[in-house]
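Chain naming follows the written order as A, B, C and D, and within any one chain the residues start at number 1.
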Amino acid sequence: MIFFRSDYSSGAHPRILEALSKTNYEHSDGYFMDAHCFHAIELLKKKIGRDDVDIHLTVGGTITNLTAICAFLRPHQAAVSAASGHICMHETGSVEATGHKIIHLPSTDGKVRPEQIDETVIFHEDEHMVQPKLLYISQPTEIGTIYKKAELAALKAKCEEHGMYLYIDGARLATALTCDECDVTLSDMAKYSDAFYIGGTKNAFLFGEALVIVNPALKEDFRFIIKQRGGMFAKGRLIGIQFEEMFKDELYFEIGRGSNEKAAKLREGIKAAGYKFMVDSPTNQIFPIFPEEMVQRLEKDFFFYRWAAPKDGMTPIRLVTSWVTTDEDIKAFLDAIK
Amino acid sequence: MIFFRSDYSSGAHPRILEALSKTNYEHSDGYFMDAHCFHAIELLKKKIGRDDVDIHLTVGGTITNLTAICAFLRPHQAAVSAASGHICMHETGSVEATGHKIIHLPSTDGKVRPEQIDETVIFHEDEHMVQPKLLYISQPTEIGTIYKKAELAALKAKCEEHGMYLYIDGARLATALTCDECDVTLSDMAKYSDAFYIGGTKNAFLFGEALVIVNPALKEDFRFIIKQRGGMFAKGRLIGIQFEEMFKDELYFEIGRGSNEKAAKLREGIKAAGYKFMVDSPTNQIFPIFPEEMVQRLEKDFFFYRWAAPKDGMTPIRLVTSWVTTDEDIKAFLDAIK
Amino acid sequence: MIFFRSDYSSGAHPRILEALSKTNYEHSDGYFMDAHCFHAIELLKKKIGRDDVDIHLTVGGTITNLTAICAFLRPHQAAVSAASGHICMHETGSVEATGHKIIHLPSTDGKVRPEQIDETVIFHEDEHMVQPKLLYISQPTEIGTIYKKAELAALKAKCEEHGMYLYIDGARLATALTCDECDVTLSDMAKYSDAFYIGGTKNAFLFGEALVIVNPALKEDFRFIIKQRGGMFAKGRLIGIQFEEMFKDELYFEIGRGSNEKAAKLREGIKAAGYKFMVDSPTNQIFPIFPEEMVQRLEKDFFFYRWAAPKDGMTPIRLVTSWVTTDEDIKAFLDAIK
Amino acid sequence: MIFFRSDYSSGAHPRILEALSKTNYEHSDGYFMDAHCFHAIELLKKKIGRDDVDIHLTVGGTITNLTAICAFLRPHQAAVSAASGHICMHETGSVEATGHKIIHLPSTDGKVRPEQIDETVIFHEDEHMVQPKLLYISQPTEIGTIYKKAELAALKAKCEEHGMYLYIDGARLATALTCDECDVTLSDMAKYSDAFYIGGTKNAFLFGEALVIVNPALKEDFRFIIKQRGGMFAKGRLIGIQFEEMFKDELYFEIGRGSNEKAAKLREGIKAAGYKFMVDSPTNQIFPIFPEEMVQRLEKDFFFYRWAAPKDGMTPIRLVTSWVTTDEDIKAFLDAIK
């Protein structure tokens, strides 16, 4: 069985395992209060190009999202997201479980547009309705599309106009920042958001993310909320060591770029074979549409998600590449659809 | 600096790192739905001696406690705990953040007694008060003492009498089950509880715990709650692999026993030097009381917790041993207090 | 200024005030544990024709909805509602504040259809998504339309098929049950729901609602949740006395019927004057569409809601009638639109 | 049966009923946005002597407490209260249900002392514990004792020293401010608190309280939270009309004073008969200790609370007087204990 199921189906980059082995017998204090975490955070600040942000290492995507959102909002305030957003669809109501409504916006390409923010704010007119306060987007989006710099800038400006925060989920940030279409840098992420996270799990870490809080109003007492929500990892340094290793040079970005290149090959091959895509996504998730019969046949040798039910005999599927995807995997798939 | 600060100050047992390396390039599905997790759970069921329990792998102690307690209780129901319990004191109100009060019971040795349950139930007489529904204890307790089999049986019987659940936090379970005083087995843990967890983080795992749900009424839909609270680890197999390695033979228990032996040496040496202890704890946490001046001197070379403020010039401290504590560490400490 | 703003713009039916005066100096126990509340509940059970339901008197609509929903659901379970439903739109995220997501369904006439339940259940396929567990509808709907008996029966059957509860908000139940189109009785409300409430505030009470819990699985410990959410009214008998008065004969229904008759006159007059309606609603809320200029002129003498922004120069407004609406009010309005 | 059970066992002062009758047919907008509410708030501000406070009318005590506390605190922040406080003991975990822990302080007379605040702040040392942020007290306390001006000032100063809010539950405020021992005025309540509420229900209203927010940092968006928690009363004017009537002259205070006078007579008579009290309370709740046999005899003719279980054959009970307590009631009781 060849896996195009996800970018978290295997372990970690070998340098990660080496770094963990090398530091295994060191003693250090827990809960991210150790030299490796401090150093990782310094490295991240340098890559971002700013010293005035707070960075917190975290265990995974869902817990980062729910911790950040519940820390940033007062009880009557709501998050706003594309209906396809991860917090809307695939986190089992984790944000609502902290007491906050998510306002769902329609979107065909996974992106939110500035005028939707206006409409949302106008619609929520008084205290009988929740107050839209935080825009959640992801970079790349749930379906692999990306926001360009001008789009981020426009969303940030719109949020500021309405006194809203812009929070960006970067579970697959490495692939966004390194894809050909993208003109956004890590610095831009900080410039055009109030907070965002740099995803590790899906980019060859064993696990771990880094939440960057840019807006000073959102920084206070954040470690309390991490602990309260269960994210205060005892051996916190394990995440610090991984970020150190990934950001001491360009490894983080190389891995993202590699995943994109694998996806590009797959995309080109599928296009050449005459198939269409549900959406035009430039990162490591692609969504070809195949005849249902072919999908059933492919399922015997390949492991992937069906993205939606068949329609007129055609079924969109999701293929995800990662640092462990091989040229042989790609060749096998392209052969199979010929 | 010699660490008696905690049992999570270094990495993992070498067999853990080897197992992660060996499996690194395997592909598998996420979220604990892989062969390693399934196998780990089978091994755990065998050690427990029961096939009728549900086992869920989890990321850490606090998130296990809050997930279990909020899954098991209805909104008006409360947890009951010794005031010194971890959920009362060191989890930043994580249980209350899920909506549930914790009723704090006084305790000098960290343990709850059956008659306290009676008193609590009688006191909470009607719907103007919360309903005590779940007794939380830990084995060993927050201060290293243990419940013997008869004590567990008595608490379980008392809980059943009042329609309450007994939930046991086993963050340091390995040291409890292997200490000389203890007549409780892993099977007994299931026999005398409705749910309990087997702690990994503090027993030479990188991280990871295993929640065992015994009471069928508490099993339904538990994976939804894990996901909702942020504990649905993407690369779930990492925890499965660690439990596999620890429970394929007796490694888990050997490590616990080793930690206890180190603590015993330290304890004997301190006793021999003429010092007293805050509590008589048979596991890997000990609480000697030293003159404040000596504590200040010790702090230069040793890293440990002060457990309480000085009183009449004497200060209780906590010393924790683990699988990485060496005979040299112990000798150095005993020399220092001479 | 003539009020068509709402059906809660004045005090109470004179018989309510008389009953409160007459009983003012009686002494009784608090929190709904008095003879008037017990008697009111007996009267309600008789009108419903069932003795096996639990009835709880409550203070207002929003607190009834949030108390019921949070009592009925486990943390990962969601309510399902038409997007126009009151809990979605006009209760400031009160359900989400108890931790539960509401799944919004599109609807043009305010009603949910059985096939939407199927689609919702299919879409929410696994533990990464919330579990749809409770269907919320209101009778009449937020825009004055009603469910006929066959429609309720079909929704209830569909809910049972999927293990879901059907909960009905009856804030304006009196007008639904007494409108010409409606073939639903109070008995049917219990037959085709797991719980529903009988609204008082909008039907000439000072305030107060009565929650009827039909499904035995939802009854346990409900008074705890009422108290916890702040609805355990100290002088509970005030609500009991009002329900006694309204249900000791047919007053409750007469008031509902009267409100509908006033709305019918208004509706006929507006129709006769050549105007259209946003929706065809047979109860005491009607939604005529007028030229924006006319709306601005009407606002000088009449107080009502604009229901939506003008479109192509035409604006839908909401007119609500009640037991205090007079024939003169109606004549004045109809004169004004000529 | 003669009632000393509570001060909410009968209806309302006749002037309240008259005012409701007189205004019954007025039309007004809902949700406290009407002329009566505005006028009531103006009257309250005048009595307080300050125009810079925000006042919100509310439905009852528990919902006021939970709404205020959840509006004022961030998720990791805790309320601090005497263990005997109403929010600790008799509100079914309503504060915890909004996500916040309450730290319980021991107290024999129902009062909190400034040094307890210091101890609490020192004890909660880091982010593994909740952050004590709001001190909850009630005036009078749960057992009828009062804070004098100097005590309030000292608590407020201590709260300011630690960046904490002081919130005062005034469910029975009328009796506190009018008792002989008390040197605190309504102005002082605002001066020495960040927020407090003026209780109506227990002082001859049908129902209703008024929350006064003094600290500007706590004012923003408060109406959203009222609505979200279910307290946005549709016919809000009903509460406005009651406060208007009570505060247009000295009626509110006269009723409080009257209740105290009745309690004083009862107290003197019981003292004269040779009995002791559990606590020395100068307001309308008194706690005599009688032989258990006598308590059983009294229960045949009088309705009151047993405050605690018998001890050495003696049982403390609670007697509460109110505006409807008569001299005959008192004489009957004093005769009965002779």
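In the analysis below, a contact is a pair of C-beta atoms (placed from the backbone, for glycine too) under 8 Å apart; a residue touches a chain by one contact, two chains touch by 3 or more.
Given the structure is predicted, the values throughout are model-derived calculations rather than measurements.
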Counting C-beta pairs in contact for A-B and for B-C, the higher total belongs to A-B
State the chain with the largest centre-to-centre distance from chain D, centres being mean CA positions.
A
Take the average of all CA coordinates in chain A, do the same for chain B, and state the distance between these two points in whole angstrom.
33
Between chain B and chain D, tell me the centre distance in angstrom, where each centre is the average of that chain's C-alpha atoms.
42
Cα centre of chain B to Cα centre of chain C, whole Å, reads 50
Contacts with two or more other chains, residues of chain C listed in rising order
75-76, 91-93, 97-99, 127-128, 130, 224, 227-228, 232
Using the touch rule from the top, collect the residues of chain B that touch chain A in their complex.
1, 3, 5-6, 8-12, 14, 17, 20-21, 23-30, 59-63, 66-67, 91-94, 97, 201-202, 206-207, 224, 227-235, 238, 303, 324
Footprint of chain A on chain D - complex, ascending:
31, 70-71, 74-76, 98-99, 127-128, 130-131, 221, 223-228, 232
Seen from chain B, its contact residues with chain D in the complex are 75-76, 78, 89-93, 96-102, 104, 127-130
